[in-house]
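The two complexes that follow have chain A in common; it is paired with chain B in the first and with chain C in the second.
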Partner chain A sequence: MAPLLELVHVKKRFGQVTIAEDVSFAVEQGAAVGIVGPNGAGKTTLFGVVSGDVRPDAGDVVFDGRVVNRLDPAARCRLGIGRTYQVPRPFDKMTVFENVLVAAQQGARARGGVSHAHALRALESTRLSDDANRLAGSLGLLQRKRLELARAIATQPRLLLLDEVAGGLTDLEVRELVDVVRAANAQGIAVIWIEHVVRALLATVDRLLCLAGGEVIGDGLPRDVLASPRVRDVYLGTDATAAESVA
Partner chain B sequence: MTTGAAPVPPTVEAGSLPGVTRSARPTAWLGGLGVGVVVLLAFMPSIVSQADTSILLNFFILLTMSSMWNLLAGYAGMVSIGQQAFVGLGAYTVLVLADGGFNPVAAIPIAALVCAALSVPISLLVFRLRGGYFAIATWVVADAASLVISSIGSLGGGTGKPVPGLSSLSPKSFEQVTYWAALAVVVVAVGMTYALLRSRLGLVLAAVRDNEVGARSAGARVVTARRIVFLVAALGCGAAGALLAVSQLNVQPASVFNVQWSAEMIFVTMIGGIGTIEGPILGSVVFFLLQQNLAHEGAWYLIIFGALAVVIAIWAPRGLWGTATAKLRVQLFPVGYYVGRTRRRDRPGSAPPAPPAPPVASTV
Partner chain C sequence: MSWLNAIIQGILTGGFYALFACGLSLLFGVMGIINLAHGDLAVIAGYVAVLLIPETHVPVVWSFVVVVPIFAVGGYILQRTLLQASLDRDPFTTLLVTFGLSVVAENALLEAFSSNGQSLNIGSLIAHSFNPTTSISLSYFSLTVLGVAVVVLGALQLFLSRSGTGRLIRAVADDKEAAQLVGVNYRHIFGIAAAIAFATVALAGIASGMYTEFAPTSGPANLLFAFESVVIGGIGSLWGTLVGGIVLGVAQQIGAQINPAYQVLAGHIVFLAVLAVRPRGLFGLRTSS
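Right, the complex of A and B next:
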């Protein structure tokens, strides 16, 4: 089976800073992949390259066998690439339901009752149903993170890009979020998850990529990647205990 | 998904979803109220004096224009100070058609469509710019249109020309016909605004207003949405300009292409409440009440208008309607969504449902 997503020799620099130096990897249909790496390793930029927010200097992004380099974020979303942002971007003056409905109507191109159903299911799977009529601007952090996830799910993606959705949450909240992501993945949605909360990743993914200095320095089973000397070397400065606890 | 043994939450089944309506409260009476107001307005020429009929007609024209400007700036984030381009082009389309023997009143919808068509090439030009640069560019386009038309001798050059074709009507029936034409245009303009904001496009506009990057990542075609709004606003302002030509029976470039039209649209929308359908309606009422009561004060009336605009912009930036309804959440034109309650199935392993949040009407 052809991979769902393929990055081919992607390069990106901001001035003198190299964010991605010849990054290549592929993600299979329905896979669950985690990405770790120190701050500034270019993880979020890599998501931007996949979702269309960031234009790479060189290289190709191939989604479902199609080169999508020239498509804007909306077009890529409509093809099936859903993403969340590290800092949630809710539509504050709209209700939670309306936030998710936009995604169902635009991202999934659904109309009328079908779009309502997509939106309601996304709310239910992220446990936001009780907040459907609240204004998004009145939500707390956990609910904003859930809303960000619900909106991405409502676009009916085949690939879900999660950017630190567990950051800033309590252990219990992280566990709930992991359940939501696992459920989405169980329904066949491929997930790529950038996360500093390594526990959350290990409960969800079966493959881990480690990015550092614009390069993939580890790729494989999470345990192996976190145990590799090169990854541990990078991680000792930032999150040594997490790497230690699984090594 | 091979690692871990955490229980996967039950997947959601279809058939148990709550109902979705467009308002938390019943709204049928609002429709009845709207129909009642329009019917009452339709009989006004038989009830009030000729002078008052003429004031109402100008009220409809201003309300049409400001509803369009509100759509542009309040919903699509495009602050145009060049909408008089379409006012003028609409007026001149009526003039050209009437010169060709066409009935000027029947020419109004055609003029609106011509303006909508012209807005496409104009948008290609001005959409390259954003914010203040966009605003200036629209003004430049309006002045350029004015200059081009002023230089065409057959259109009356800089002094303009009378609109033929309605001289056979008696003053009374002329007054009625133009009044009803204006009423029809304003009903269509406000109705179209409402329909547009209730549609999927309206939801996109609200999302873009709140967070453009988020809207794009949710699949919203931001530029397409803006193009449609620009086109609709050109259509409405073109119809308003056509009404000016018909009701004044005269078209003059300095008058129909005057930037004062945009200033009035902005004033009315700001006073009434930008980003609400009700705002321009309330703003137009206030504008005309002030104008009627202050007209004899000469230049003072403009000074008072300016002072009022400043006061509202600083202390009530949401306008009169927005400020008055901020707490009440009243909507005469419900455009949001409301999710009803359903029986909740027990979900093993999940926390008991939180107490339901109080229903809040949307402010999309």
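Right, the complex of A and C next:
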């Protein structure tokens, strides 16, 4: 089976700073892939390249066999690429339900009852049903993160790009979010997850990429990647202990 | 009694101002465009009516039926081309572009129609009024305009809060990048918002053209009063815009009652006073976070 997403020799620089130097990898349909790397390694920029926010200097983004370089984020979303922002960006002056309804109607091109069903299911799977009629601007951090996730899920994606959804949450909250992501993955949605909370990643993904200095320096089973000397070099300190805890 | 009449006339004038202002408010609220050509658009609407109405055999009173759709389409096209291109650069470019449009519009109109005043003659309809006492006079035309302003603002409010397209307009106004990320083609939505704004300003321009003379240089005064209405009422609130228009109209009429030379000045003073006391306007929403 052809991969769902393929990055081919992607290169991106901001001035003197190299964000991606010849990055290539592929993600299979329904896969669950984690991405780790030190701050400034270009993880979020890489998501931008995939979702269409960032134009690479060179290289191709191939989604479902189609080169999508020239498509804007809205068009890519309609093809099935859903993305969350690191800092949630809900439509604050709209209700939670309206937020997901917009996503269901525009991202999934659904109408009427179908779009309502999509929206309700997205709220249910993220445990936001009780907050459906609250203004998004009045939500706390956990709920905002859930809404960010719900909105992406409501677009009926085939690939979900998660950017640090677990950051800033308590252990219990993280565990709940992990369940949500695993449930989405179990339904066949491929997930690529950038996360500093390595524990959350390990509970979900079966493949780990490590990005540093604009390069993929590790790719494979999570325990192998975390145990590799190159990755441990980059991660002196806290995350090395996380690596030990699984090794 | 003449003071009461001044207040009543002010309220009626406020209807005009609100009609002028709601398009301005929408363009700013949704796209962040400060449209310095807004007043000129109203004037252009008047001239379009002057040009087209003799050809179409539509009674002058109904000229908006012809002009408003033209403006809606024109607004969509202008947004998708020139205005979007300037938005893609930065907000300051947009300001310069609308300023440039205003200059071009005024000079093109001068070239085409000379500086003589024009008006849309609806005959004796303009003169009919209802006089409950000898000192109070309610012009049916002004009452109609106020009614139209209330209906337009109410319909717009309902459209924004209840319809699917209105929901998309609110979404892109809030965060166009996040909207794009969930599949919204925000450029198209911006176009729709511009179409609505242009349609309302055409309506305002025609109503104003029926009431008073207009000339190629009338635009900036329209713009100024529309601006003051929006700011007094509070940016982002359509009903606020109506109240803002009425407050401005009443202030001007009361000023004129004191001394005819104070009419415009009184409006400016109230505008400044509101800015000083309530910078967000009377109905301005306190932005959360």
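One rule holds for everything that comes next: the second predicted complex is superposed on the first by the 244 of 247 C-alpha atoms of A that agree within 3 Å, B and C clash if a C-alpha of one lies under 4 Å from a C-alpha of the other, contacts with A are read in each partner's own complex, and residues count from 1 in each chain.
Convention: a contact is a pair of C-beta atoms (placed from the backbone, for glycine too) under 8 Å apart; a residue touches a chain by one contact, two chains touch by 3 or more.
Being a predicted model, the structure only gives us computed values, none of them experimental.
Colleague: Should chain B and chain C be called a clash or a fit once both complexes are overlaid on chain A?
Modeller: clash
Colleague: In the superposed arrangement, which partner chain does A:Arg175 touch: chain B (first), chain C (second), both, or neither?
Modeller: First partner only, chain B.
Colleague: One more residue to check, A:His116. First (chain B), second (chain C), both or neither?
Modeller: first
Colleague: Touching A:Thr126 in the superposition: chain B (first), chain C (second), both, neither?
Modeller: Neither partner.
Colleague: May I ask you to decide whether A:Val205 touches chain B, chain C, both, or neither, giving the answer as first, second, both or neither?
Modeller: First partner only, chain B.
Colleague: Any idea whether chain B or chain C touches more of chain A?
Modeller: Touched residues of chain A are more numerous for B.
Colleague: Scan A:Thr45 for contacts with chain B and chain C and give back first, second, both or neither.
Modeller: neither
Colleague: Just checking: does A:Gln105 make contact with chain B only, chain C only, both, or neither of them? Give me first, second, both or neither.
Modeller: Both: A:Gln105 reaches chain B and chain C.
Colleague: Which residues form the common part of the chain A surface touched by chain B and by chain C?
Modeller: Of chain A, residues 51, 53, 72-74, 77-78, 82-83, 85, 89-94, 98, 101-103, 105-109, 151-152, 154-155 contact chain B in one complex and chain C in the other.
Colleague: How about chain A: which of its residues touch chain C in the complex?
Modeller: Result: residues 51, 53, 72-74, 77-78, 82-83, 85, 89-94, 98, 101-103, 105-109, 137-138, 151-152, 154-155 of chain A touch chain C.
Colleague: Provide the residue numbers of chain B that touch chain A in the complex, in ascending order.
Modeller: So the residues of chain B touching chain A come out as 1-4, 6-9, 11-12, 14, 17-18, 20, 24, 200, 203-204, 206-207, 209-211, 213-222, 336-339, 350, 353-354, 356-357, 359-360, 362-364.
Colleague: Taking the touch rule as given, give the residues of chain C at its contact with chain A in the complex, in rising order.
Modeller: Chain C reaches chain A through residues 164, 167-168, 170-171, 174-175, 177-186, 288-289.
Colleague: Where on chain A does chain B make contact in their complex?
Modeller: 32, 51, 53, 72-74, 77-78, 82-83, 85, 89-95, 97-99, 101-103, 105-109, 111, 115-117, 120-121, 124-125, 127, 129-136, 151-152, 154-155, 175, 178-180, 182-183, 185-187, 202-206, 222
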